[in-house]
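What follows is chain A paired twice: with chain B in the first complex and chain C in the second.
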Partner chain A sequence: MAAEVNRRDFLNTLGVSVGAALTSAGAALPVVGVAHAQDKPKGNIPDTPFKIGHMTFFTGPAAVLGEPMFKGQQLAAEEINAAGGLLGKRKIELLKADENAGTDANVKELRRLKLSEKIDFFCGITSSGNTPALGPVAEELKLLTIFVDGCTDFLFDKAVPNPHYIFRITNMQSADGVTGAVAAAMTWPKTKKIAHIHPDYSYGRNAFDHFGIVMKKMLPSAENVSEGWPKLGTTDFSSHITKAISSKPDLLAISVWGGDYVAFYKQALRYGMFDKMKVASMIAFGVAPHAIGKDHPEGIIAGVHSNYHFTYPGGDRWPYNKTFVEKYHKRFNEYPNFQAEGGYTATYMLKNAIEKANRLAGGWPDDDAIISMLEGNMMAAPAGYVYIRPDNHQGYKDAVTGFSKNVADYPFPILDPERIITIPIRNITAPPGWPKGEPTSTYTWIDKTWPRAKA
Partner chain B sequence: MCIAALVMAHAWAGHEIPFYPSFYPQEIKIDVMEPAAAARLLRTKAIHAYVGADPFAGGAAPEHVVYVESLKSYVVLTFTPQLGSLSNVGARCAAGARILKVLGRSQGIYTFHPYPVTPYHDDYLSHFDLVEAAKKKIASAPAGWPELKVWPNGKLAETLVPPEWRGTRQESDATLEEIDTRDLEAPPPVGGRLPALGAGVRTAFLTEAGTVVESEVAGSLPLLSGRLTSLRQVPWSECKRVTAGYTVRREALNVEYSEGVENVAYDALTGLNSAIFIRDVKLKDFPWNGWLRLGTEAKPTSAWNPVAGFTDATGRLIWSAVGDPPMLPAPYGGDPAPNRVRATVESEIRIPPDALVLDPATRVFKPAGRRGDIARSKVAYEVLASKFHDDTKMTVADVLYPFVFAYRWGGLPGDHRQGQDPVVARSTASLRESLLAVKVASVDSRIRDYGDVQLLYEVPRINVYLRSGAGPGAVPTWAPWSTTPWQLTVLMEEAVTRGLAAFSEAEARRGNVPWLDLVRDQKLKSRLASLLDGFERQPYVPDSLRGLVTVEQARQRWAALKRFYRKHGHFLVTNGPYRLDKWSANSVTLGVFRDLSYPIALGSFDRYAIPRRAYVTKTERRGDRLEIEAEVETVTKFARSYKIEREPYKGEPAGQTRAEGVGLVAHYAVIGEPHRLMRVGASSAVEGRRLIVDPRGELPPGEYRVALALVLDGNFVQPEVKVVPYRVAD
Partner chain C sequence: MSTLAVAVESRSPVRRLVWAMPVAAALLVYPWVASQYQAMLLAYGLVMAIAALGFNLLLGYTGLLSFGHSAFFGVGAYTVALMVKYLNVGSMELFLVGAVVGSAVVAGIFGFVCVRYTRIFFGILTLALSQVLWSLAFKFFWVTGGTDGLRVPTPMLVGFSGGKTDKIEFLAHAYYYYVLVIFFACVASMWVIVSSPFGKALQAIRDNETRAEFVGIQVRRYRWVAFLVSGVFTGVAGALWVPLNGLITPENLHWTFSGKIVFMTVLGGFSAFAGPIIGAVLYNYLEAYAVGNTVYWQFVLGTVLVVLVLSLPTGVVGTADRLIARWGGRS
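And then the complex of A and B:
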């Protein structure tokens, strides 16, 4: 049985901070961008184009995620090409494919891209329905791959438990629920009654599970008083809203996403729901900055996805984000979402690994040399430090959430710059060597190792 | 079963499920209002669009209002035929040319265009030389208005006819008037337009209705392959009616950052009053979902029935959301876009013994047997089934019943017995003339896999054997498809058989019975409910569906229809993307049918939003080929807006797979002298940055002109036509 601790000590243990600057990573790290002169590469470098197959959603509802993902990679490629290309010689050529074609077609397209188009590198993917299907194929094709999203824990827990060629730069899905719960427990520690509304498929279950296991540890006296599970395709949330309101909760935990979330909050406003309880969303701001209206209520915990919102780290606090946001906005006339940051960072992560491998052996490095450089790589990206764990090829960056706020500078709400909540990712995810668990490794790790806060 | 199965064994769906059935808005409210009221509501951003006249005509629209433009009307001059001085064709044509010359100088919303095929039509290129010739002819006509009185019928005509030449309807030699293309294009919902015509020729023919007979059109069909460019040969009405020009419809859209809409597609001929508008429009404040508010100008006066109702403008808009056609008209020209069926064509096929032949007299399907008849073509259809709004699952019986219906109410060709409906007869004529047999080849299962969310669909595969020939253009305008369940069709038939109502307005007038309205005729609904009780008690299975529907299935169908009526208060059950939820005299609310069995997802027709154009910048002849350099428009989307830029065509991006109908295509028409259309064709061949066209074919030696137009992503509208000389040496 885990020990009981004081809640403040508990938060200190997790390293949760509000409005904090990023912690230092110590030694000089690779960074995004090519502002400074690069070292001269060793050996002979071919000048053939470096072909990247980028598959994401260019049509359909998920294009709101996919288009920025491609733009992020496009921006990085343009910067790298303007500086001469990878290792100063190989210009990046992007080949697009629409993920909306369906999983079977996507698998075929991946094979075609590798076998017919001879791509050197595969990137992209938004849907968690696709990464577990494409991951094994990329391994079979020996195709170096960085998935930008497709965040399901299932990918590295089950589908490709021992990856060699594939990596993923987003955080895992479980981080959404854990982060939302830690933020809610820290902000509203007197919460006793919790209502839940989650989509009735595995993301909602995942959010519910991980929010719940954290609450069990941090607010053990709190109880769930209502559960709503809107089916996929629900447009009328009134029954879920009234059910939650009638249970008189202190807190609503919600993981409804995208257009469903927008329909939800606009209906909830009519019921005065946000005046009747606190609200912690796992993913309210997890689409694109412009996807949320100004009428969105202020002061709720508005979760992001993959731990990035373009306003954090803000101002001059973290130049790589400031520069990235400025360049992205100048190039595409919009603000980047987490996918744009992911596409951008993935490209620079690859560039950095190629350069490291070249410095070691000279010439154009083979894939295994690049892979060995990606494993354990840490770089300063717009979102902060991103670390690729060598054991599972998963990218990690510190968790971020915050409180919704309208400011004059933007036509959409942002995270309140004064109240950003960050949590070191290592403190909320299962560590290397932790056995695979159900429903996820992170869940069993929290359940078995976290202490319980005193009620 | 057409339903999503949620399997939790592999919990690996992401937060995003990239498939949402039906289309963006979760609700569509349509209110009838005058343009002035629409202007007020657009100013306050209380509505998103106005389907009708420009509410700000003559004034300034707010900054957040933009317009979409489509072909609104023809302006035609029709001579009074019985007048002696104009009985001569030459006299009529000469007078018409002089009047058009005067009209051609008019400014404003009228565009001078003395030819019935316009730049809004997909067959414009094939008529381009004749358009130019007609303009030259008018330009060379003697100046001055002839000694004729013209009756200006309508406001626009009044602005065009000089006061001194205006006459009354009775005393005039000719009438100048507008003919709205929406009236021409109003198809009965069961389908059935003039088949396989280019859009321009079709509307031209309809414009000339009464002055050109259908046989003249049909008779010219075989002259050329491809589209009906041979309509050039038709002696257009011998100047009984002269096309003077056209007007453009401007419909207002609210595109404000938060309260506006985006991703708008529209039809070049019907504007926002189109199925494609409903299927693409997206509210800016919502990635999907949201409450769409539309204004319309026309009161919904026609009856609401899916057979021959919904004929007025508002009715058509409602039906475009509630009903679901097998194919959608391509909004900017070209072949129809697949919607609920996919078709492939084969030629010269022996009809298999187990195919079903419908006995036109008894209207019962029977096996074709071993007669070994040969069909000119077989069209293999995949039918994307789904649930109906009454929660029943679409089956093969629903797909086949329209054939029975067509013969019951359309009759045999040339058969004009009582008990038929002339509108149904007209709209099903093509089907009845070409159908030989049908065969249910299989009912397949399809899965869409989104991790733990797996959507399972049934896809009936229906082969249709036809008398008519095969080829890409041979897919008929009808298909084995029904947007209503068979039990509703049977219920309507029973009501009509009993003389309670008629399907069409014409038949209702003839029989002095109500026009069948499934929603607003309370008396009829009560009678339908009684009939429904009787059918449920039996339970009734039509003879033609025996073997396809069991008694238990029929009982369930009748019970489901009854439940639907009790819950919703009307009988308008379809399998379309929106369901009628509320209605009053001047307002309708449609709720989205987000049922997971609905197979078409929001975003499916996004490619039609923001139509792009392309331009020929240089042509060079090399051997028999013409090599074309071009500029294309590109769209950059950002946040809630986009910009269009023109840039040199760089060829097709490497490694990209392309959906059908997407990309750059060079269309050409080879014209000999004098105005002889020798060849038409299209090419998407690309070498480097150049499109390659080979117009040579079997052309005999001589001097020709090649008219070139570029079509980008299926956009045929207002092409910039480039004409280049082309010589074929001896």
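And then the complex of A and C:
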């Protein structure tokens, strides 16, 4: 049985910091988007284009969240091409595919991209329903892949437990529910009654499970009083809103995302929902920032899929973020979301691995050489340091969330710069060597190893 | 509709064989001349052709428009996936047997309820029942995997394991031929069924239910058997489809998937025997290339459907037949 600790010590052990400075950066890590002096590539490099297939939501309510992923990659590709291409020679050519076509059409399309279009690299994917479908197909096709999102733990826990060709850059899904719950427990420790609204598919259940297990540890006396499971793509939330309100909760936990969330908050405003309870969302501000209006309530925990919000790290504190946001805004006249950062970083992660492999062996490196360089790679990205764990090919970076706030500088709400919450990722995800668990490895790891706060 | 159907079906079997033999030969050599991707894509088309062929026994021959054939396709596919998950079966032949049994049971029960009605009531009932299965697959995620679906590994074909070879190679060759053999068998048996007295009775029911009853056809029973056979064909297609796709999700049980089967059949033409076959193969290419080439693929598919209904109500095959007949008559 895990020991009992008081809540303040608990938060200290998790390393949670609010509005805190970053740990000092000293190491000479590879970085994104910076044209630093680079060794001349070794050996003969072909000048054939490097084809990247990019699949994300270009249509449907998920597009406000997914499409910026393509823009992020596009920006990186344009920068790299302007400098001559990969290893100075191979220009990146991007091929678009719409994820909204449905899982089986996506499987066919991925095969078409590899076998017919002969893409060298596959990238993208938003929905966590799609990576377990496409991951094994990419492995069968021997197609080098970095998924940007589609972050279900299930992919590397079970669907592809020993990945070779596939990687994923943004944080694992369980980090989302955990981050939301830690932030809520820390901010509103007197919470007794919790209502839940989650999309009725694997992502929503994952958020529900991990929010629940953290609450069990941090606020053991809190109980769930209501559950609502709207179908993904729902635009009418009134029944779920009235049900949650009638259960008189102190806190609403919600992981509805994309266009669905925009519809939700506008309807919830009409019911005065945000005045009746505190709200902790896993992914409210995951959408492209301009998709949320100034009418959005302030002071709710507005999650960014535990990954990235363009205002953090702000100012001059993390130059790569400053320049990324400036470049992105200049190029697309909008601000990036976590998917845009993911698409951008994935492209530079690949570039970096290709350059490392070239320095070792010369010439254009084969996929296996690139894969060995991606494994264990760490680089500084706009969001902070991102590390690819070699055993499961999953990207890890410190989790971020915060509180919605309207400021004069932007025509939409942002995360309150004074109250950003960050948590070191190693403290909230199952470490290497931890056995695969049900429903996820992180769930069993939290359940078995975290202490319980005194009620 | 019925006059056209008569015109097509009155052609001699010899003339049909003249058409069928070169097509069969082309299908046989296809994987050797086309790329792996093209062979795989055609395999998808052939599988859907079996589903549409089964569907058309109800629409084209019995005059019943089902909006619930996703149910049988999904049952066929989920039977395979559950056999893998719970019984550790790996043989494709056992999968097919399982899918036939599974889809027969479901089609038998659904048919019992549905054939009491015709027209819109029949359509709505089939849709509603298929949605029940969809919601079960969606909600019982600890059994069905929910929206993540269930994976199906490379199966063994007639006792030989395909697991060691390259998966793409396997799908483009060995599995293509496996699908082709079943496809031929399904086409032949459907041909026998629609040409048999039973098939003629179904067409009589389609054309005039009251008269059919007066000549002694037990209308409801015949409809039920047609429903059952139709469901089993579609179930077989579901079983063949899973290893190709590698995964089954509730999407394939949703009524929009039934809509795709309807679309395929309308595209090819439901009044000709070959209509659903051609329609399914064409639709498969249409969808793959629309999705591959534009993010406005929904717009492309929608436009095709509208144009089809407005200007080619007899589908591609019906229109081609009419053109050939006109051209033949002139010369």
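Annotations for the structure displayed:
Everything that follows uses one rule, which is that the second predicted complex is superposed on the first by the 434 of 455 C-alpha atoms of A that agree within 3 Å, B and C clash if a C-alpha of one lies under 4 Å from a C-alpha of the other, contacts with A are read in each partner's own complex, and residues count from 1 in each chain.
By our rule, a residue touches a chain if its C-beta (ideal position, glycine included) is under 8 Å from a C-beta of that chain, and two chains touch if they have at least 3 such contacts.
A quick note: this is a predicted structure, and the numbers were derived from the prediction, not measured.
Model built by superposing both complexes on chain A: chain B and chain C clash. Of the two partner chains, chain C is the only one touched by A:Glu140; chain B is not. Judged by the touch definition given at the top, the superposed model places A:Arg205 against both chain B and chain C.
Residue contacts after overlaying the shared chain place A:Val107 against chain C, while chain B stays out of touching range. Taking chain A as the reference, the larger set of touched residues comes from B, when chain B and chain C are compared. By the touch criterion stated above, A:Thr429 is placed in contact with neither chain B nor chain C.
When the two complexes are overlaid on their common chain A, residue A:Asn171 makes contact with neither chain B nor chain C.
When the two complexes are overlaid on their common chain A, residue A:Asn333 makes contact with chain B while staying clear of chain C.
In the superposition on chain A, no contact is made by A:Ser281 with either chain B or chain C.
Judged by the touch definition given at the top, the superposed model places A:Gly129 against both chain B and chain C.
In the superposed model, A:Gln394 lies in contact with neither chain B nor chain C. Here chain C runs into chain B after the superposition, and of 38-46, 164-172, 200-208 or 236-244 the stretch doing so is 200-208. Comparing which residues of chain A touch chain B with which touch chain C, the overlap comprises 59, 96-98, 102-104, 109, 112-113, 129, 132-133, 152, 154, 159, 200-202, 205, 232. By the touch criterion stated above, chain B contacts chain A in their complex at residues 4, 6, 8, 10-21, 26-27, 257-258, 285-290, 448-453, 591-592, 594-596, 601-604, 606-607, 636-641, 643, 653-657.
Remark: chain A residues 58-59, 96-98, 101-105, 107-109, 111-113, 115-116, 129, 132-133, 136-137, 140-141, 152, 154, 159, 200-202, 205, 232 touch chain C in the complex. Within the complex formed with chain B, the residues of chain A that make contact are 51, 53, 57, 59-65, 67, 93, 95-100, 102-104, 109, 112-113, 117, 119, 126-129, 132-133, 149-155, 158-159, 173, 176, 200-203, 205-206, 232-236, 255, 257-260, 262-263, 283, 286-291, 293-295, 305, 332-335, 411, 439. On chain C, the positions that touch chain A within their shared complex are 35-38, 40-41, 44, 138, 141, 146-149, 151, 167-168, 245-247, 249, 251-252, 287-288, 291-292, 295-298.
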